[in-house]
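What follows is a structure written as structure tokens; I'll ask about it next.
Chain lettering (A, B and C) follows the sequence in which the chains are written, and residue indices restart at 1 in each chain.
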Amino acid sequence: MTFEASGRSLSDFTVELDVYSGPYEWLLALILKEELDIFEVPLRELVDLYLNARNPEAPNALERDTDFAGSAAALILLKSRTLSPILESEAEGDEETISPEQLAERLTEYLKIRRGAQALRERFAANMGHHPTAHALPPRPGRLRLRPGLLSEAARRVFSRRLEPPVEHLGPIIVTLQELASVIHAALVRGPVSYEELVRDMDRLNTAVAFAAALSLAQEGSLRLTQAEPLGPLTLEPVA
Amino acid sequence: MSEESLSVPKPHLIEAILLSSARPVGLGALSSATGLPEEDIRTALADLTQRYSPENSGIVLRNVAGGYLLSTNPLCAPAVERFREDVRPTPLSGAAYEVLSCTLYHGPLTRSAISQLRGVNSDAVVRNLIDRSLLAEVGTDHAHPGSPALLDVTDEFFVAAGAASREDFPTLDSLVGEEEIARVRERLAQASSETPPAEHPPEAP
Amino acid sequence: MSEESLSVPKPHLIEAILLSSARPVGLGALSSATGLPEEDIRTALADLTQRYSPENSGIVLRNVAGGYLLSTNPLCAPAVERFREDVRPTPLSGAAYEVLSCTLYHGPLTRSAISQLRGVNSDAVVRNLIDRSLLAEVGTDHAHPGSPALLDVTDEFFVAAGAASREDFPTLDSLVGEEEIARVRERLAQASSETPPAEHPPEAP
């Protein structure tokens, strides 16, 4: 599970929950590291907090919405996966037990990395306007050596790259997360959406997980599922 | 007038532009980039000519080919030449190798076809490779709106790779599977049938 | 001592060499190209730093990545970028800065060590940073099964950050205050006392 698809537009969003108070991104990190039990996180409350903090006038409002929808979708999926252990059978054996002390240690380390990253961002911004001299002499002809091995390697890389976002390393579920982010985003922003319409271009796995997510969201109260007749079309409606 | 020209001394703006140009820059171009009237540019250039005179500096400002150009003071040429002798060429980036391999196996190609193959805008990388004489414009693609330039690898490239010709490189099908080759062909066909795609995802980690 | 260094002022030689290098040039290289002892180079560089300071010139002399580099003054960037019609490279993402921060402070390290520090898989981000030449593989970790590659930040990274070396960055420990660390511990203590023990893998109800 990863939140890599999300940007960092939410870096200033903080949450106050019973189980946790602090930056939202930390909360995600805690859950990812399975150091905070997903069951303890009231997703609905989280959505409410976000909606209250939301500023539609902000220049990056859309990016924030997308990021939030993406990460919220991931949380829902995580929760639904945890609810149905058949999907995840490897949760036994090599599970690391972490003492609160070790956890604090790790989080402190991560916080330092984040601070380092912020400092780096500022430095890069401050140095952005430096353009190097354009008067560099080319090296003497024949001095440059290309490594044929690297050329072949590059060819292999380019020609086997899919044009979709590179997510192979994240496993098939992640594709779904990105789709889910837009699915949920659309549901929240544009009003009712039919399930059939949502999953029309999805493969079976995506369709299944989108369905699970829709159910989970409905269970959370974040959206309503309506079906006029048994086996009839299913509609996702935002909760007012 | 642009904001920055109010606070930054005029000669500074011109110095900076001249540093960033390997070719002579005319008065008109200096004026439009700085937002300053040509009269001001002339005055500033007079200052700079003084500052960058052969007596005062190892960098000299010359008025050549209808423009202004910074270059090394000829008196310093022996040191510069020795430096050039010693200096190790900058190794190429992974992105540069990718652009070269696209062009090697599918060239000549337009810039937008290269970007299409890689899935990211590659214009900056292409420019760098042209500067390094590893790629060159070899013609134009008349079938395309705007007749974009076609790029190919250069003799310099073959020398650098220690190869006599394209035949000296492993064949494409020895590197990737049939399925991939077909997909790449499809992408190329798309690139040449569509208008140049501006919608490439930007190259950001 | 070479001929020209007798007649040409030392700073001029260095200026000329720096104009002709887009990469930082170290003291050793300057010394060997000019035939001057490093001591003289240092003195000349001090002069030049004054001459090419952001207050005095549109060209600035920077001490970055272990060497000296002439660049445009950032105050002139708008004019330079208008002139070059350059599109600024896509800014790095927050994730990219985190990966760079991990590598700067803990590098050289493997991809999996980076992912571990950040708590998320970082391979895609790493690949992009390698493409942008801000990270490079510098060796292999033989102590680990599969001998994974070790990554480190590059000279390009130090140039982009405007840093001479690792020592130019604040230490990790100075980035987070003691009170903050105490607050983290407090929050965690709270969380673990209010919730059922989180050490156990979550159980399905």
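Note that a residue touches a chain if its C-beta (ideal position, glycine included) is under 8 Å from a C-beta of that chain, and two chains touch if they have at least 3 such contacts.
Source: prediction; values computed, not measured.
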Which chain has its C-alpha centroid farthest away from the centroid of chain C?
A
Going by CA means, which chain is nearest the middle of everything shown?
C
Between chain A and chain C, the Cα-mean centres are separated in Å by 28
Whole-Å distance, chain B centre to chain C centre, using C-alpha means?
24
Geometric centre distance via CA averages, chain B-chain A, whole Å
36
Where chain A touches two or more other chains simultaneously, the residues are 131, 133-135, 137
Per-residue overlap in chain C, given as positions that touch at least 2 other chains
19-23, 70-73, 75-77, 80, 84, 92-93, 95, 124-125, 127
Residue positions on chain B within touch of chain C in the complex are 2-5, 7-9, 11-17, 19-21, 25, 29-30, 32-35, 57-59, 70-73, 75-80, 82-84, 86-87, 90, 93-95, 98, 123-124, 202-205
Could you pull out which chain A residues touch chain B in their complex?
131, 133-135, 137-146, 148, 150-161, 163, 165
Touching residues of chain A toward chain C in the complex: what are they?
2-4, 7-8, 11, 18-22, 29, 32-40, 82-85, 91-92, 95, 97-100, 103-104, 107-121, 123-124, 126-137, 166-167, 169-170
Which residues of chain C touch chain A once you look at their complex with the stated criterion?
18-23, 60, 62, 69-77, 80-81, 84, 88, 92-95, 97-98, 100-102, 104-105, 117-125, 127, 159-163, 169-170, 172-173, 175-176, 180-181, 184-185, 187-189, 191-192, 194-196, 198-199, 201-202, 204-205
